[in-house]
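Listed after this line are the structures, all set down as structure tokens.
Consider the two complexes below, in which subunit A is the common component and subunit B and subunit C are the respective partners.
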Partner chain A sequence: MTDVLLPLSIAVPIVAATLPLALGLRYEDVGWPVAAVTTLGLVGSAAAVALEVYTAGPFDHELGGYAPPIGIELVADELSAAVFLLVTLVSAATLVLSRAIGPRGNAFHSAYLLLTGGLVGVSLTGDLFNLFVFLEIVGLTTYALIAADRSGASAYASLKYLVVGTVGASLYLVGVGYVFLATGTLNMADVSVQIVEQAGYTDPLIRAGYAFIVVGFALKIALFPVHSWQPDAYQRAPDSVTTLVAALVSTASAYALIRVTYSVFTVDFLAANDAITTGVLLVAGVSILAGSGLAVMQSDLKRMFAYSSVAQFGMVAAAVGIADETALLGGVVHLVGHGLMKFGLFCGLALLAAGYGARRVEDLASLARDAPFASGALAVLGLSLVGIPPSVGFLGKWYVSLGAVRSAGATGGVVGIALAAVILASTLFTLAYVARVIEQLYFAGVDRGDAERGVADHGDAGGHADGPARDAGDAVADGGSGDATAPGTVPTAPLVVLVAAALVVVGLGFAGAGFESLLDPYLSEVFA
Partner chain B sequence: MTVPTAALTAVPPYLVVAVASLLVLALPRAVGHGLAALATAFVFAQAVLLGDGGTGAHLATRFLGFDVVFFNVDPFSLLMGVVVGFLATAAVLYAYGSDAPKWVTSLALIYVATTVGTIYAGDWLTLIFFWELMAVTSTLLVWQYGGAAVRAGYRYALFHGTGGTILLAAVVVHFANAGSFLFSATTGIHPAATVLAAIGIGINCGFVFLHSWLPDTYPRPHVAASVFLSVFTTKTAVYVMYRAFPEGGMWLAYLGGFMAVYGAFFALLQYDPRRLLSYHIQAQVGYMLAGLGLATAVGEFAVVGGFAHLFNNVLYKSLLFMAVGVVIYRTGLEDIREMGGLWRVMPVTFLVYVVGAASITAVPGFNGFISKGMVLDSAHEIHEYVLLLDSGLLWWLLVLGGVGTFMSFIKLGYYVFFHGSASISPDDATPFQTAGMALAAGACVFLGVFYGQLIELMPFTEVIRGEEVYFHPYSTSHLTESAALLVAGFVGFFALKRPLGWLAHHMRDVDAVLFPAAFYAGRWSVWGVTESWAAVDRATMRVVGGAKWVAMNPRQLLANAGVDAEIRAGIGRSVLFLTLTAAVALFALLLG
Partner chain C sequence: MTALPAGSAAHAAFDVLAGSPVAAGTALDVLGTRHAYVTFALLLCIGLYMMIANPNLVKKVIGLNLFQTAIFLLFIASAYVEGGAIPIVYSGGEGPYVSPLPHVIVLTAIVVGVSLTAVALALCIRIYDEYGTLRVDTLRELLREEGSLPAGPGLPGGESSGEGGDGDD
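So, the complex of A and B:
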């Protein structure tokens, strides 16, 4: 019975996406309730699917009753269930944020539901072409969402992503086409069998197909040097949209990279093509260093953490290229962990921007006195991003580095060691920019009473100059009411979500053994 | 695994003790100490109940990708658990009776907890974790007292930090070669890590010339803290030494022999009672290492001798520290020449001292007699470098150490309890001090008389009880040997009293050179490091400042250089990058 949840989890949000627009003709503000109800249902569905997968094992659903390889198949296994769960939880949490700080229009909620449906589709599909469709749904809604606040800069960022993203998606499609030519099938499980039977791992068609697919994904994930759409998109999008996009969109593409690499092309393909692993590792290493280095240079907070994503996804890509069980475990942990951390970080930045107009590093000066909880959560999440234990950020980096060193030990190559060194170096870079944020938040020594009124030029001064109880205390009055946030406060409901995210990030740091045992079936299958 | 074993091993004992350590701080003094005693008694009871039926690797799991065992039960860890739990209970009672502040007891308990963690570790990773924690907690325990203890605590921390780091290096080398941290995966530490492990553990054992922290630190803190310190660090080190070198080695045996002589000789020269006892720790550890070192040359008998001596030493050494602690607690004096005639006013303390001294000097009827006899018998089978009486160097070293032990305890007892008439008349031990001492003293006598029970607690029981091994502690030859040692001790002390007094003023231990040398080396290196660091710092700041400016103003830099170009990738250039990347990927793959 549970397998019906899979198509429903994709179809319901996509169908529900029409409701805010349709009902909007008659009622105002109907978008948020529709989105909230749908997303809550998705969370429940994801929980049920995850429970089933982790207790009883993977299962699938044949769409329309057509059996694969002809029909389209939806698959829930240990890996996709984790991403599914992440997608629904972060979507639901973002809805809490967007209610407080906007955008609130019906159009936004329609796009939001489409995006969620697309992301769920990416995580559950077992078909290569179907994956392209969902990637396009995700891409198109993301273009629309980025431009949602109608400024010129965001329109340009959106257009840039639209053009570059479309070319990238086309590359993926070309790759899928090559693979289809070589194998005559699109079902992922079937392709992995047919590659061996009909083509072989060194067939030029297969190789070219993989090259196109990887470049397409690299663009969607935003790896250096094809990341150039991403900082603009993250920086210019409305804050809530940045939170959602940064946490999930690249994550879904990185998930797809892992899925296609290990479930379709398989680890034997990587073993048979040294050039591919070398190339992936090279791109990953450069991404890690360049992303971290560029992040250090930024003064705009959202841009800083956007470049940070380039580096973090470099680590996930590295885990894919190392082709080691421990490293891939690290890659998956880091994928999920990074999603949570970036959700928290951008959520925290959005709250501080809404309450205090903080957009650049120097705007954060001594904000910890006015917003202790938001600042504390930001600090915790930042340190987790650095990789300080106990945190999920540490866990992911640890397993990736361990896998890199182990693979170096197994093959006697320097690549693994070099990669571990790169990860260590990027940790230092990460520390450099996170430390800047924390230093500004806590030790800038600015008297907020004046600074805040200078920055947020609303007339509501004086009433909020009395200490740390403010960001929780005052916000009770208007948190969740749906009105614009009063300057000098942080809305309560998203603050609670933010603090919860920080706690989860730390708590997952103790769950290393849990991750190992939950993901073990998948890992031992692909490394069989 | 039977149900009681499963229930008993569900909770690692060190957690219980650690929780008790926090509760001591939070609760009223009496209640807190009661709970603390219960927690340590739990360690004892758990080890006794587990017995031989409970052996196995409990709480085995994966931590950070490594196989680890948090609660490893085998005959060796069990015997350590029994004696540590027992003695810690006695010491908590003693601490309560000695007006130890809550902080002392709390820190002592967390120190006990880390000790128990070290003992029950089933792999080198867990072991080194608790080992380092032991160094931290024991340093805190020393520091708590303030005053002169602070400087000594720094030196203590330096020694143990160094030792811990060397052992950590040994563990890393071991893992790199053996591929597993688990004890069960290898026999002892990997040969590649031998020297590192020997030095790292040896610092905690008090190897000759690595021992100066021992007499330096243990006389300084609160008397109750000394009781805890005196038994756990060094004895755990001996136990870990066995984990690293289960097959022993003659180098270890001879090192033990020299430690016995060196420690006993320097003990003879001391007038601070706790300093004297600290040197005896080194001497006694020497006997244990001699036993462990003969594991291959002599066999299980020597190992059991070493561990039995460890077991007994924990009891009588702490007993002696307790007795001496009562005297210091009541009189406030720390020089035995200022004491004297106390046996009339402190009869209980005197009696306890006699039991402890008789045990450590191996008088028949006390537990030290049993275990020291086993070590001496093992050494007697070694016939290298034969000297007089058809006995080898090792045996003579150990016997010489034994005579020195007799002499120094006659000296200690003579000065404290006789030596002229009492000029002061302090009270005797408090009830709880007495209770703690009675526990330890009772165990010393019990195990001396019913020595079968001692063997029962040891590993390899059936080997000792077997036909091949000659084990009769109360044979004529042993008794004669003991009497000879006693006579030699008395004669030696009273004959050499004046020369020894002269020597005590002129003979300094290695710390006379070591500490100033370390101090000045430290000062010069700090100066050198600071200055060179300052130079590096200036250069770095200049480079960073330049880099930061470039990073913050990349456009300005280009403009200064006369280049007029936009560096942020627009749409066109982004697509170009994408196309180029795809092209490179294709070429690399298809042509590569």
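So, the complex of A and C:
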């Protein structure tokens, strides 16, 4: 019975995406209620699916009643249920944020619903080509959303993302084409069987197919050499959109990478192809270092945390390449944890930007006195990103490093040790930029007394134009989001969500054993 | 659905390209008999090159279309069966049919490609309205003047060098 929820969770948001536009012809502001009702339904469905998966085991749904090798299959297992839950919760929370700081148009909510449907599709599908279609639905709506504030700069950032993202998805499709040539099937479970029966793990078609797929995902995830679309896209997008995109879109691609690597190609393929594994680990390692290093150099807050995503996804990719049970557990934990942390961080930045016009590190000076809760939540989330226990950020990094060292111990290679060292070094870099933010928030020593604040706020509307170089982007973003909040305050509802996110991130830090036991069936099946 | 005959054809092409112990003379055979796959590779590279090297945004989008078309060709070529009939059941004859699955895939991919092109062109129109140019170099200068692109040796050029580097793993 629960299996009907799988197709419904994909179809309902996509069908509902037409409603804001259609009803918008007659009623004003109908987008938000439609989106809210749909997303709440999705949260319920995700909870039901997760409950079923974690108590009774994985289940699937055959679309249209066609049996899997021919028909398309939707699968909910321990991994996809976790991502499904993350997607719906973060989407629902973003809706609270967008209600307060915009964008509010009906078109925005249509695109938002399409994006949510696409993300759910990516997390549930069990078919390689179907995955491509959902990746493109996610991609298309993301491009549209990034350009949603109607400025030229965001259109350019969006076009750049469109070109790079489409090349990524197309390379994935080439890879799928090669695998299809070798096996004659597209169903993930069936492909993993047919690769052994019809081709073998060292078959050039299979190898080339996997290489194309990995490069395609690397473009979509924004790993180091091909990450350059990401900082622009995150910085130029409206704040609510950045929150949603940073938390979920790359996460969905990284999930797809884990899914395709371990459910389709399997661990034995990685073991049989050292060159490919080494390549993945190399890209991941460089990505971790370069992303953290570049983040330290930024003074625009959104750009800083965009580069930080490059490093964090490097860690997930490293977990994929290590091919160790503990490391993969770490990769999944970090994937989910990073989604939550980035949601919280960008949500906090959006609130401070809406309330105080803070867009660069120095704008944060002593904001903790005016906005204690938002600043506190930002600090907690930042420390979690560094990996200070107890937090989910620590758990993910810990498991990945542990897995790296363990695999080095098992094979006697230096790669694992080197990777653990890279993760440690990147932790220091992360501390460097997070500490800058926290220092500005709490110890800048700027007196934001009432008198001064009056002056500052007065100047806020016009005064922000005082540094044209610095505020050109500001004015654009502010103009687009249509601020309803009074300057000098932080809207309450999203603040509650933000504090809740910070608490969840800390709380999950105590749930290491829980993650282990929940994901254990998946991991032991993959590493059987 | 089991292995397609075309799959083994692609295998043969790969064996040659991978430099397995087949006589060097067969390289010409590949050109002669597997020309669809050769065209696929060529189109893919031309499209990629256009996206990286051409300074005009609309031509970059055309490059993107070329890139996708190459992939359609790969799928269509893989579906071909020597002497196969159209895979419509009453098209007559018992004989072998051309594999219909890649056709369906390409049909879907074409729809995706059309929507992508539409979004890309809409963005181009907005960029042109805003800045009056479609050339990337002029656009970058304008964006830098406006302050919405980091000036100095920040990270310009990352895009093209990044895209160039993705073939190496």
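One rule holds in what follows: the second predicted complex is superposed on the first by the 493 of 528 C-alpha atoms of A that agree within 3 Å, B and C clash if a C-alpha of one lies under 4 Å from a C-alpha of the other, contacts with A are read in each partner's own complex, and residues count from 1 in each chain.
Definition applied: a contact is a pair of C-beta atoms (placed from the backbone, for glycine too) under 8 Å apart; a residue touches a chain by one contact, two chains touch by 3 or more.
As the structure is a prediction and not an experimental result, all values here were calculated from the model.
When both complexes are overlaid on chain A, the residue A:P69 reaches subunit C alone and has no touch with subunit B.
By the touch criterion defined above, A:G376 reaches neither subunit B nor subunit C.
Contact with subunit B, but none with subunit C, is seen for A:Y210 once the two complexes are overlaid on the shared chain. In the superposition on chain A, contact is made by A:L181 with subunit C only, not with subunit B.
In the overlay built on the shared chain, the residue A:A513 is in contact with subunit B alone; subunit C does not reach it.
By the document's definition of touching, of the two partners only subunit C reaches A:Q198; subunit B does not.
In the superposition on chain A, contact of A:T326 is made with subunit B only, not with subunit C.
When the two structures are aligned on the shared chain, A:R236 is found in touch with subunit C, with no touch to subunit B. More residues of subunit A lie in touch with C than with the remaining chain of the pair subunit B and subunit C.
Once the two complexes are laid over each other on the shared chain, residue contacts for A:A153 go to subunit C alone; subunit B is not touched. Residues 159-160, 163-164, 167, 171, 204, 208, 211, 214-215, 218-219, 225-226, 228-229, 276, 279 of subunit A touch subunit B in one complex and subunit C in the other.
By the touch rule above, subunit A contacts subunit C in their complex via residues 69-70, 129, 132-133, 136, 139-140, 143-144, 147, 150-153, 155-156, 158-160, 162-164, 166-167, 170-171, 173-174, 177-178, 180-186, 198, 203-205, 208, 211, 214-215, 218-219, 225-229, 231, 236, 276, 279-280, 282-283, 294, 468-473, 476.
The touching residues of subunit C, when paired with subunit A in their complex, are 1-4, 6-7, 10-11, 14-15, 18, 44, 48, 51, 57, 60-61, 64, 67-68, 71, 74-75, 78, 101-102, 105, 108-109, 112, 115-116, 119-120, 123-124, 126-127, 129-131, 139, 143, 146-149, 155, 158-159, 161-163, 165-167, 169.
For subunit A in complex with subunit B, the residues that touch the partner chain are 159-160, 163-164, 167-168, 171, 204, 207-208, 210-212, 214-215, 218-219, 225-226, 228-229, 273, 275-276, 279, 296-297, 299, 326, 398-399, 402, 512-513, 516. Listing the residues of subunit B that touch subunit A in their complex gives 61-65, 551-552, 568-571, 573-575, 577-579, 581-582, 585-586, 588-590, 592.
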